[in-house]
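Presented sequentially are two complexes of chain A, the first with chain B as partner and the second with chain C.
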Partner chain A sequence: MAEQAQQESTSLSAVVADVATGVALALEGECGSYALSGVLAQDDAVALAAIRVLGADVLAPYALHGGAARGGADETVVRKALAAYPPRADASEVSVWTYRGLVEASRAYLPGGPGGWPPEPPAESEWVRTEPWPRLAHRASQLAALSLPGLAPGLAADLAVRTEDLARGFVRAVRRRDWLQAAGLGRWLARLPDVPETLGLDAGLRYVRRMGDSDARVTLQVTAARRFHGRGA
Partner chain B sequence: MTVVGEAAGGAVAGGDVPGEAAERAAADEPADPMAGPAADHALLDAMTVGALTWIDGMRPAFRLPAAAATEADPDHALKPLGELAELTHLVRDHHPLPAARGLADGLFRFAWEQTGQGELFAELVRNEPQATYPVELYGVFARAGLHHSGTEELLAVTTSLRHWRVAREDHTRTLGVLNAEHRIGLTPHADFDAVLALTGLGRCAEPWALDRHGVYGITHDVFHVTDWGRAPHRMPTPLAEYLRLWTPAWTETWLEEKLWDLVGELLAVRACLPGAAHDAAAWQRLAGAQRADGAVPETGSVPPDDIAPEDLFLGCYHSTLVTAFAATLARTAAMPPASPAAPFRESETAL
Partner chain C sequence: MASQLTAPVGAALAAEVEDLLGSAEPEGIYRDTRECTGILLLAGLLLLSPPTPRPKSVR
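Showing the complex of A and B:
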């Protein structure tokens, strides 16, 4: 059992990395027209789980290029992912927000079918106001896909109140060599106004990109920060 | 303190104190509300008195050998004595509790006695006329109004040379030398602001790029600029804003690594910033690292009771002194920029 779980976990990580790489390349404009269904090698439970892990980012290239031209196959696979992994009653806030982000992105970037998309579940954001900054920053970094333009405007507005705290989280994450957390925070900061100048966000994003380049998800985050918000170029 | 490359001293910044009594009277005033309602004065005071009590019991370990000028190791004997003098002097002058001031006063006098009322410095300068550490160390006492004429006659010559003005590698350390020169009344050998501009603080180094050595450097930049917390108003506003923004991130990072002396220095820096919030949670965590007898380990867990005394001293003296110093600054946060008797006002030129 444990061995099987290990294999599934490894397999999920590999698929997540493959999709993240495909998205990042598409954001760089290096792979022609993007299709999520094109970067998924298979259409099984692991692929659907990978879509849930990456959330709205699986559709990020459409945010850059104005929506899916041929959304049929992508629409089908995203619907499957939403149906396969809905947030459970005891789901973490991160899980609910990630699901919600994927629904929002689907509505925004994919052509809706006759039945429309699932309703967006209510997501709690009290933690943005109350959590101490290290925990706030960690959680925000896990939701970096929601920093795509136009998504989660309420969450972005709440986070903007704590820009300094997110910037402190970036400092702490880099010191801990937690490149994924740093990249996610750097990406949020790229979207938010009034980032302290002395943080050195552009240099920080370049630094994190190079130091964390063995992780495709790091590359995806810093690429998104540059392509959508012009930071870290 | 533990800036790498600092030999003796670590001391410095300053000016003289013509009216210690008046300055002390100012310290008796109630703590300023800028310290914030979250500042737990009872906790801070217990930490200060506990730390000083432990340090007081460690006097034998601070004692210098009879032939100190030739036998005392600058890093392992003179440096601790310089830190003892620098930090107890601040506590002596500013702590609102008589018990803390009394302990600190006794320790400061002890340190001066160990130098043979300053005679040691004349010998050190004769032995190493190019070295900066005798100047930095002597500056601590000169700031307190304790002078030694023979030392000052020698320094007037050695620090007048073109050689003395050759740029040194460590700009933070150079700030310390400049403060010492000011305290002693010597002509500053370089422009303070120009040197500050070359340091980690002056450059506003990217806060995420600084390693432990870099952050130690910044804490000392602050101590030299503010005369060890006595003159927070001297911090240029952009640099105060830089510190306000990033000290919480550094404090958290090194709390997690249990590097208690750096945590103490960062909390001291925080207390030097006008209007910066008191970090009650960080103080609680530092308090958790303090032994029942008052010692604070430099790093890691609380040392066991059966540790060898010498190891206990070397592993705790610096962080314990820093704790007393930082807790005193936090206790008196936003104390008046300078008491009526304090030396530096707008007229000062060296800083």
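Showing the complex of A and C:
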């Protein structure tokens, strides 16, 4: 049983990395027309789990090219991922927010089916105002997929108030060599106005990309920051 | 897609999804420079402060 869980874990991380690579390549415009269902090598529960983990980012290429998915295959897999992995009763706020983000992105970028999309669960955002900056930075980095243009405007507005704390978290993450957190924070900072020039965000993002290029999720975050917001080029 | 997607989800896989979504920060002690400065300043002031006046003993 434990062996099976370990196998699923390894497999899920690998599939998440594969899908993240496919999305990043699509954002770079290197693989022609994008289709999420084409990026998925498998078509099982692990693939659905990978969609749930990456959240709204699996639809990022549609946000960039301004077009909805061609055909209903993408809609089908996203619906199944949402149905298979709803936030549990004891789910973390990050889990609820990422689920919301995927629903919001699906509504925005995928053609709506007759049944519509599931409702967005209420997500609490008091932590943005109350958490100390290291914890705020860590949590914000986990929600980097919501920094896609137009998604989660309320959360973005709340985070904008704490831009300086996010910038502080970015520097801290770089110093700790936590490239995934640094990339997520850099992506949020790329979206937010009034980022201090003294932060050196562009150079920082380039550095994070170079140092964290072995992690496909880091590459995805940094690529999204550059393609959507023109930072880190 | 090669075959029909199936949606049965193992509890282990669902837990793995939650773990990946909300992974904890790596352990470590990371100090805030401003907090450290404040603590050092306070310790310095305490060391340099004059001794607490005590009542003289009457024989």
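Everything that follows uses one rule, which is that the second predicted complex is superposed on the first by the 231 of 233 C-alpha atoms of A that agree within 3 Å, B and C clash if a C-alpha of one lies under 4 Å from a C-alpha of the other, contacts with A are read in each partner's own complex, and residues count from 1 in each chain.
As a convention for this text, contacts are C-beta pairs under 8 Å (C-beta built on N, C-alpha and C of every residue); 3 or more make two chains touch, one makes a residue touch a chain.
Everything numeric here is computed off the predicted structure, so don't read it as measured data.
Let's test your reading of the overlay: on chain A, do chain B and chain C clash or fit side by side?
Clash - chain B and chain C, as placed by superposing on chain A, overlap.
Which holds for A:Ala123: it touches chain B only (first), chain C only (second), both, or neither?
The answer is neither, since A:Ala123 touches no partner chain.
Mind working out whether A:Thr198 is in touch with chain B, chain C, both or neither, as first, second, both or neither?
first
Which chain, chain B or chain C, is in touch with more residues of chain A?
Between chain B and chain C, the winner on chain A residue contacts is C.
On the A-aligned overlay, A:Val171 touches which partner chain: chain B = first, chain C = second, or both, or neither?
In the superposed model, A:Val171 contacts chain B only, not chain C.
One more residue to check, A:Leu189. First (chain B), second (chain C), both or neither?
Touch partners of A:Leu189: none, neither chain B nor chain C.
Thinking of the overlay built on chain A, is A:Ala105 touched by chain B (first), by chain C (second), by both, or by neither?
A:Ala105 sits against neither chain B nor chain C.
Kindly classify A:Tyr207 by the partners it touches after superposition: chain B alone (first), chain C alone (second), both, or neither?
First partner only.
Using the superposition on chain A described above, determine whether A:Ala49 touches chain B (first), chain C (second), both, or neither.
A:Ala49 contacts chain C only, not chain B.
Report which listed segment of chain B has C-alpha atoms clashing with chain C; options: 26-34, 98-106 or 134-142.
Answer for the clashing stretch of chain B: 98-106.
Residues on chain A in contact with chain B in one complex and with chain C in the other?
Looking at chain A, the two contact sets intersect at 134, 172, 176.
What residues of chain A sit close enough to touch chain B in their complex?
Going through chain A, the ones touching chain B are 132-134, 164, 167-176, 182, 196, 198-200, 203-204, 207.
Contact residues on chain C for chain A in the complex?
1-10, 12-14, 16-18, 20-23, 25-26, 28, 30
Inside the complex, what are the residues of chain B that reach chain A?
Residue positions touching the partner: 204, 206-209, 241-242, 245-246, 248-250, 252-253, 256, 281.
Over in the complex, which chain A residues touch chain C? Could you list them?
Within the complex, chain A touches chain C at residues 4-5, 8-9, 12-13, 16, 37, 40, 43-49, 52-53, 73, 76-77, 80, 83-85, 88, 91-92, 94-95, 98, 134, 138, 142, 172, 176, 178, 181.
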